[in-house]
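Here the structure comes first, spelled out in structure tokens, and everything after it is commentary.
Chain naming follows the written order as A, B, C and D, and within any one chain the residues start at number 1.
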Amino acid sequence: MNSKITRREVLQFVGGSALGVLLSPLPWKVLDDTAIWTQNWPWTPKPKRGDIAYRTTTCTLCQSSCGMRARTIGAQPVSLAGTQHHPFNQGALCTSGLLAHHLRYHPSRVKQALKFSVQAKSHSTLSADDAFRELSAVLKNSSSVVIVDERAGRTVSALYAELAASARTVSYAPVSARGISSLNRLAGNASLQAGYDVDNAKCILSFGAPLFDGWGTPSLAARFFDKRGTQKLIQIEPVRSRTAEMASKWIVSRPGTDLAAALSFAHVLLEERLVSASALKSITDIDELALFLGAFTPEVVSKQTGIPPATLRETARAIASQTPSVCVTSHAAGDDVQDAVMLLNILTGAVGTQGGITLRAEIPGMRSAAASAKQSVQIDDLPDHSVNVFILDESLSGSSIPDTLLQDKLVSGGQGVIISLSPFVTPRPFALQYIIPSTVMFETLGDTTGPFDAARSGLALSSALLPAPDGTLDALQFVQKCAETLSVSLSSTGSSEEILKKRIGALHASKRGQVFMTSTGETTDVKQLATADDLWNALVEGGCWIDEAVGVNARALSFRVMPSIKHTRQTQTTDSNTLLVYPIVESSAYSGKTVSPLMSKVSQESGLRLSAQDAYLNPVTAAAHQIEHGSTVALRTKNGTMNVRAKLDARTMPDVIFVSCTAQSCGNQSAIASSAQDVRLLCEVSSGGSYTPTPVTIQKVYL
Amino acid sequence: METTQKSPRYGMVIDVDRCTGCGNCMVACAVENNVPPAQAKVTERTGMTWMRVSKLDNGLPFPENRSVYLPVSCQQCDHHTPCQSVCPQNAVEYDIESGIVAQIPVRCFGCRYCMTACPYHARYYNWFDPEWADGIERTLNPDVSARMRGVVEKCNFCHGRLQAARAKAAADGRKTESESDYTTACAECCPTQAIRFGNLADPKSEVSILSKSPSAFRLLEDLGTEPKVYFRSEQEWVHTIVKKTSSSELKEHSNG
Amino acid sequence: MLTPGTLRFLAGFVFSLVIGWFVFPYVLYERIEQPLQFSHKVHTGEAGGMSCTDCHEVKPDGRFTGIPALEKCATCHSSQVGTSPHEKRLVDEYVAKNREIPWLVYAQQPENVYFSHASHIGSVECANCHGDHGSTDSLRVYERNRISGYSRDIWGSSISRLARKATWDGKKMDDCIGCHESRNVTNTCLKCHK
Amino acid sequence: MDKQLIARGVTRTSLKNFYLWILPWCLLLAVGLYAVFLCLAKGLNQTNMDNRFSFGLWIYLDLTVIALGAGAFFTGFLLYVLKRKELKAVINSAVVIGFICYSGAVAVLGVDVGQPLRSWFTFWHPNVHSMLTEVTFCITCYLTVLAIEYIPVVLKNRKLKKVPSMLVFEFELHKLMVVFAAVGTFLSFFHQGSLGGLYGVLVGRPFAFRPALGIWPTTFFLFILSAAAVGPSFIMLTTWAASKISRKSLVKPDVYRYLGKISGSLLIFYIILKAVDTMFWINTVSTKGFSPAGFYRMQEFGTWILFTEIVVLGLVPAIMLLSRRVRANQKLLITAGAMACAGIVLNRYVMTIQTLALPTLPFDVFMSYVPSWQEVATFLAVLSYGMLVYSFSFRYLTLFPQEREIQSV
């Protein structure tokens, strides 16, 4: 630096320029622009602009098949709402339905076929072709393959059944709506199709069924409220749930005693001669049953359930006198409970009557359900460790079958294989698992049957608003692939559209039922439609088909109940002061499903819903164990130990810790990264496939 | 149909007897207004829920314990609006043409004074940068701009929809939006129609009739903030509990 | 009489004035050419004989389409109709490949701003905000603010915003507010912010 | 160099000792600056504040620090405006303390707001009804005033005096000092008050809300008075601390007594008004549907907190400071001063933290909050910044004019 320049000289220059800068736009413009920069940070996403349109379609996340209206930018749905006046859901959607358009981009979406080794220690990606090459080897070498179809009644269901029919080693296990399957069992007729006509029931007896919380269609609560007074709902539950709170009557019962309660009701019905002659006649082994039920006097059962004998009797009388009445159970209830409750429906004469359980005629255009039924098996009936391969169709709504059940049926020693058609990663550590990436909602054309809480059967189509990602299959393509690998030829092949059009064509030809059109918002007879394409278009545009009120004549039915009832386990009396852990159905709307990350609003961000890491405690119980709201506690049962967050809730029964039965994986990171704990596993599973209250020790964890 | 001459005052009437606490309003709101999902660290206290369903119970032990759900969003105070007067830089404004208490996040510099001022805890601060799982940002609503970290936001009665309704009115050559074109996402997506939305200034509108019914009440009415969100219940105990404020009712922990 | 000290002071003073008033604005804005040249004159003149609304229309729901999508151009320019090299590029590079043209929008308002053409058309002339853009023969260079990322048209041509040429010179909030006030239209936040 | 900077006639510890003294503060500052960086880069998720506790440690300390810094304006007021010559002995120190408190507070605010780059909106689009606007304007202006008041102290430095123009400048500035003192006083009155108003206006927080006298809630006036009352006490404490640490007597004993006397007479006045205000509040709050007792039924915050604030740390020190016998005994005098300061610290705590902890809605609950290390570190950074500024000023500038004569004696 030039020595001539002194510090003072520099200062003078700087002083001058400082003043000059202040008199120039520079500092002020920079001030403004930096502020504007903070308003447009590059890492804050900018919503895409584009042409806005509305498209109506059908939600396929559960059997309710709600009509939904999507607001789209270009082709991309940006928000969803129920289709007004839709016969299935009357314009209502559930929480997960409202977020269905996020599933396409869910972090745990499978983009390529995956292969999980046993214990899921490692997983590898492979191309679809390689996957099926390996699978054909697997399928050819296995003596017992079971296709599980949790959404029976779809077109693909018929093809699954057909595949099973033509391949010696393959059998088809349809899982019809919970409860209804009991009807099939007791009637010894797998082809029976039925629905709960709750709208016309005068009295509904619910064994912990979350009626207003996702049990049926989202509009069920509204339908009940609008009929306030005229309809009676009796809720039996150990917690004053959302449904219990709104019910006409709430009966407190100890957890896991639904079976006993149901049987005592049956006992009272017989004892007090409240059963119609025709109902008695329909039960072939009635004497045997009467003998068996003799043990379940209200006095005895009262000790287990904690329900006063008088209340038990009153309730039994209520369902007998206030007809039509219908008895329902939760999705999580085991088969034993389901069967016992179905028995009540038989005794009250609800089966086959309006306002009870209506029997549905087959939907035309399908391979006869009777034929399908021949090959069909019930998973529970399969002998343990007899299945080599399970093929799970999880493409629509994941699987609600307990892993423990699959594990029991699969050949032991980790030799079992699970082939799962799924859009999401659903690891099952106990078997070698292939995940074939499937499409999600809005990516595929598919059909779905109507809700089970409606008198009449229905049918709807979901349309593909967005292109399916490469390498993903929908169920119809998948079943054809499977047929190929097993070198079986199916009756109808080709693109999904071709196959579905065939069915809709047949439906139109049958001239049966009515169709709801979103274009007009009105319902017209199928007869009125000139061509099959009219029907097709009406359905593709998010309409729906509803059957006529024709049903199978209930008189024709006869039931043999003892085989399923008699080996029901005696519910063990747990003395009331042992601490129990028991899963409750918080909302079956997203039971066991992968849901949008935005679901954090109702769980993580607000505590409105029980998340998989939470447990409800009664404040009294908490105080007894020095546990505050929100503190972390360790639950230890003989099945293991898990840390959960205690939530004090005076609606729950003391000395019982309630965990969520609907653990769902939402959240921003992929399911592989975060294997969300399933608190249900703390509980033992009954022979009937339901979780039973299990003794537990609780201890506060200091972090 | 045209609204009444004097400018509308939009409001809500929520029937708590019909609210099942399903949470539809919360997610519908988040979808409509581009509210991001929670990050791992987020808790109930840092969560971002313009509409939050809270549980109100009668404080009795099991099994006498009764409870109802109260969907609480910004109560759109009409008078002495507590947040509006305290904002140092006019990021909060009482919108004279709709009665909406407007929050403008791009003006806000995040001092959070308004949050201290709001007795309903209906204002939320962006503790984190918004983060959507890869691809989900494609489902954002173009009618609402996404907010950035470090600013306060709250329910604006789906102002994006109000603007759309106004644009439609302009296209049809009408001065004011027609009420049939404008409803909030929470009201639209409530499966039991517990949430009713409309113009309180129009004496014939459903909401203003409901709001005058004896079963209607508002939160912290004694503060005189004149909220435009009303609640209804036929259950006596709900009215009793709501009258008592939590300071007179000792509560050491929340009940779920 | 100026002491050397005062002179040095003045030197510094003048130096930073020059920087602030002339160098800074030049550095602040990044000049970008439009992807393609376009002449409003040709299209609206006798040759084209089109009107503004032929391409820039308001939908029945009151939404404005803004700059038309490629399909609009393709209706006439599916193959070359004229001799201009730019049209040739339009046909070869965009219409043929069906690629949208990444126009740079001079009047693009920020993400947080809601502007409804529907409610302005009729009471306000296009030129009021867009100047003679509709009759230009070529597209001028687009100037992008390097800090805020905004188009220079938002701030306006005068760096001090003191010498505002016309109503269309500058589209900052103050300009909107000014216009609203002059026509006594209310200035509530929700009118223009989303 | 070091030697030439130190004022004539006074002795200062060796440079080595000085370094040993400032080293820990520098380290603390470094840690704090890292925490600040985290908060600015990642956002306030680094703190433990949340939607309910939207204000936390930082705002609380800002209020406290500014209240204690009030000594600067009040001493200035008494000295220059009311011509209380005795206070010349501490005015320089008072100015430095004031400057530290205010600059520190502003710095923390810069981190506390989510969008510091938009802070200037408050000046460009001010909401004149907001107390916070009032605070922002006054504090910014007053900080400038303090800076100006600080300059002559700096210019008096032995080395800088050598530059003639500087000397002239200092002289001119000094003549204006009375003006600045007056302006400063005015500004301070306002923002001390507005800080109180900050809570007093919260209609939604009946615990903090106070009815308005004229256009300001009563807290406005209580804050002014309380700040003015403890300001002198704090000067007293800091002077005492400085002399203990430097092991030198810096001012004549009567200065302490005088400060104590001012403090006491204002404090008693404040406490009476505070008591009256509280009575009034108890009677009005119930009209808002809140029971005054209910506020004090929450676990930590019993009525004891009210008693401690008004009696133990208010009335008691006030009476002590007013009694000549107490003032005569330095130990008691300092204790009383400390108690008075503690009283105000507690008052600001109640206004900020208790107000937020208390529930308002029927279904809403009492909440507590513990600051994160980032919040604490940021505060410690301000503390150490203060320590450093004061240490340097003490070493190289004349904070206590009397020191030389005392030493020469």
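Quick note on the criterion: a contact is a pair of C-beta atoms (placed from the backbone, for glycine too) under 8 Å apart; a residue touches a chain by one contact, two chains touch by 3 or more.
Values in this document were obtained by computation on a predicted structure and should not be read as measured data.
Chains that count as touching both chain A and chain B, per the definition above, are C, D. Between A-C and B-D, more contacting C-beta pairs join the chains of B-D. Centre-to-centre separation of chain A and chain C, using mean CA positions: 53 Å.
Centroid to centroid, with C-alpha atoms defining each point, chain B and chain D lie 39 Å apart.
For this pair, chain B with chain C, the centres built from the Cα atoms lie 38 Å apart. Annotation: 61 Å between the Cα-based centres of chain A and chain D. Multi-chain contact residues, meaning those touching two or more other chains, occur in chain D at positions 115, 118, 121. Chain C has residues 61, 63, 111-112 in contact with two or more other chains. Shared interface positions of chain A, i.e. residues touching 2 or more other chains, are given as 34, 37-39, 46, 52. Going by the touch rule set out above, the chain pairs that meet are A-B, A-C, A-D, B-C, B-D.
Those residues of chain D that touch chain A in the complex are listed here as 115, 117-118, 120-121. Across the complex, chain B is touched by residues 38-39, 41, 43-50, 52, 73, 76-82, 92-95, 98-99, 101-102, 104-107, 212-214, 218-219, 221-222, 225, 240, 242, 245-246, 250, 252, 587, 589, 596-602, 604-609, 616, 618-620, 628-630, 647-654, 666-669 of chain A. Put simply, chain C touches chain A in their complex at residues 5, 8-17, 19-21, 24-25, 28, 61, 63, 110-112, 145, 147-150, 159-160.
Put simply, chain D touches chain B in their complex at residues 43-45, 49-55, 112-116, 118-119, 121-122, 124-127, 129-133, 136, 198, 201-207, 287-291, 294-295, 297-299, 355-356, 358-367.
Of all residues in chain A, only 31, 34-35, 37-38 touch chain D in the complex they form.
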